[in-house]
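In the two assemblies presented below, chain A is common to both, partnered first by chain B and then by chain C.
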Partner chain A sequence: MTSSRSKLPVWFDRLNERAESMEQIPPELIGRAIQDPDFRRRLLADPENAVKDSGYEFDQDQIEALRELDPKAIDEAIEALIGDLDAAKWG
Partner chain B sequence: MGLTKAAPSGSEFYDLWTDLFLRGSGPVFQAGIVRTGAPPREDPQLSVLALAEQAGIQAGDRILDAGCGVAGPAAIIATYYPDVTIDGVTNSERQSAIAHRAIEAADLSHRVRVHVADYQQLPFRSGLFDQVLFLESTGYASDLGATYREAYRVLKPGGRLYIKDVFCQSTPLETGQIEQLETFDELWGCVRSKTMEESVDAIVRAGFGVTLSAPMQDIGTNRLVGSMFLLDNLTGLRPTELGEVFVRSGLNPPIEFGQIRAIRPIGA
Partner chain C sequence: MVPESNSWHPAEVGEESIRRIGRIVAGLGGELGKLAAHLLDRHGYVIGSDGGGPHRNVLGHPLFELPIWLDRATSDRGELAGDTLLDVCESSLCGYLSVRAEDDYFDGDWDDAHGAMMLSGFFRARHNALLAPLVSDRRFWLRSESLWRAYGEAMLRERSLHEADMQYGPEEFEMVLDRSQPLEIPGNAVLSMKGCWDRTGQHAELVRHLTRATQLFDDFVDAPDDLAAGNFTWMVRRLGGREGGQALRRGMIAWCDQVGAEAGAELDRGVSIATTLGIVELTEWVEARKRVMEQASQRMYEALFKSLHSPR
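Moving on, here comes the complex of A and B:
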């Protein structure tokens, strides 16, 4: 297992690490980022302060994980999964 | 999205999905979480305590939680309010089994009990409770009149009724809105979301004096929505296990959070 993993490109391991950091992001912040486009923009542009102002504390890995998110990909995913942002309600 | 159909309403719904709700969003099975603190946050535990305060719960109360889930709210209230005892009622065997284990682990067995029963036909003697709570549970009532008559019966004179729920808007609904509401009710296993007006009417008919009925403002659904998704640096966003079942694209039912407080008159 170790030997096969060591053959994987560095970016693959990095993605795994980022995914783990991402899974520690509180649901409340994810939900707010989905439902509140202004907060989403701020969270992706200035994660450190957006998180702090929301009353949470993140470690550097989590902040870096947020920095690496692609705003366009998130907007598209929200549109595809949830539909009209102004209309969608908990389901 | 709807990768998996949720389930029919009734006890089957929670027998099927309780474990998923527990893994996905914890032991407080409520869509609306009261925002507390500064900056305001959706903390389920503080939300339950805020609701307890709204309800008027006092130390030493005997409380009925009608539609208690896995007794998350009951355990929180029992932990923070000295000497209260709480009976919770759920129609789901699965919820009851999980609640029993959780209550025992929290060393609250002497103060919190959970019963498998229909809150429209309660297994308690009349005049037993100081407080009856319905926390996002009246959507599962098939007979709203029977629901509140039973609440009235088991309350002591002077006892308090408190409801916090997702209410259907009372304005005449257009066809599209009715369809959205039906989809919402089916998705979450409800018999039917009630309007606040019909709820107040049923409460008054049961004999209560209503002291408050109002929409709730400081309440959010970010926590629930966020429990259905993970941020992802490849795809942007992907559904969690909970989201795989409960996300529906474009769902926009005509609903709002509200609360009702009422008292069983003394001498009635």
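Moving on, here comes the complex of A and C:
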């Protein structure tokens, strides 16, 4: 019998795997990426070394999740930027 | 209401200028009156009967601030009378509105070419008419002519620069900035009236740094819309927009801090020149803008990392 999951497109499984990988990323590292621009820059440009330099050990899926950011997350982030500016700009 | 002295806050002088424009527009009538009222409303330059408004863009240009700051910075030469300063500030707003009418049409936000031409002509005429009785120095008028010529050239050339196969780099970006340089004119009028024409060079540099900072950040935020409209600005190219929308959005994530730092550095250079000119108020103005930009950037990264970390 074929599982319902296997009927889904391959990209969907990959997205789910990636999301699961992100969930395993320590919240303190996420917090630092939000708060510390220098760390964030290194994390986005070279996630493998940025994580290693921070004393964490990530598997390849986790590194890939950081390297290949989820397009939906990117869209939400840019919408947040534009929404925040619209609110601030026009008071 | 006429301010007694330049101790007024720029926001108060700005509001009074907007009220004066509102009365003029109300008296215009006809087609021009309707178009002018629509333009003022579209850009938040309206004060309602309940006292609400205006709604100025907090990242916008210092239309009213620069003439007032320059008057204070040259107070050793006396202070301009309140109604004189108000005329200069109203002229500043009229010059800006003439640009907005044309820019809205060029950007595709307003499809009435005839309306844009006529309205812009009216506001440009009033901009000049308010300054004509105040400034007799020929150097001021030649500089103004030169600024409006460069503005026109930049507006026209920017259209073709947006084509994907055109070269559009830092040099072209500098030329396009001439669109904003008429912002100098009201400040130049103050310096001329105060007998400080020798300071106009530094004032021009100050305006350049402030408008460069604004344009960098605006182009960054507008990049998705610009790409969608086929406008390959320098920023769209820097962010990787030639590779498509997804690449551009990834570029925005990667470059947001960098663009913010570039805009911040331009604002800091402006503060440095302002200090030389004796303008002390710019520091607070700049810090407020930096805060808005930093908070927006922070919100973006928060949304990104929280979204990545949340189960879907």
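Keep this in mind: the second predicted complex is superposed on the first by the 68 of 91 C-alpha atoms of A that agree within 3 Å, B and C clash if a C-alpha of one lies under 4 Å from a C-alpha of the other, contacts with A are read in each partner's own complex, and residues count from 1 in each chain.
Definition applied: contacts are C-beta pairs under 8 Å (C-beta built on N, C-alpha and C of every residue); 3 or more make two chains touch, one makes a residue touch a chain.
What you are looking at is a predicted structure, and each value in this text was computed from that prediction instead of being measured.
Peer 1: Should A:E28 be classified as contacting the first partner (chain B), the second (chain C), both, or neither?
Peer 2: It touches chain B, and chain C stays clear.
Peer 1: For A:A45, decide between first (touching chain B), second (touching chain C), both and neither.
Peer 2: It touches chain C, and chain B stays clear.
Peer 1: First (chain B), second (chain C), both or neither: which does A:P37 touch?
Peer 2: Only chain C; A:P37 stays clear of chain B.
Peer 1: Where does A:I78 make contact in the superposed view: on chain B (first), on chain C (second), on both, or on neither?
Peer 2: Both partners.
Peer 1: On the A-aligned overlay, A:G55 touches which partner chain: chain B = first, chain C = second, or both, or neither?
Peer 2: Only chain B is touched by A:G55; chain C is not.
Peer 1: Between chain B and chain C, which residues of chain A are contacted by each of them?
Peer 2: Residues 15, 19, 22-23, 25, 27, 30, 33-34, 65, 69-70, 72-78, 80-82, 84, 88-91 of chain A touch both chain B and chain C.
Peer 1: Help me check something: in the complex, which residues belonging to chain A touch chain C?
Peer 2: 15-16, 19, 22-23, 25, 27, 30, 33-34, 37, 40-41, 44-45, 65, 69-82, 84-85, 88-91
Peer 1: Once bound in the complex, which stretches of chain C touch chain A?
Peer 2: Of all residues in chain C, those touching chain A are 44, 55-60, 221, 224, 246, 249-250, 252-254, 256-258, 292, 295-309, 311-312.
Peer 1: For the complex, which residues does chain B have touching chain A?
Peer 2: 1, 25, 31, 37-42, 184, 187-188, 220-227, 229-239, 243, 246-253, 255
Peer 1: So in the complex, which bits of chain A are touching chain B?
Peer 2: The contact residues of chain A facing chain B are 15, 18-19, 22-23, 25-36, 53-55, 65-66, 68-70, 72-78, 80-84, 87-91.
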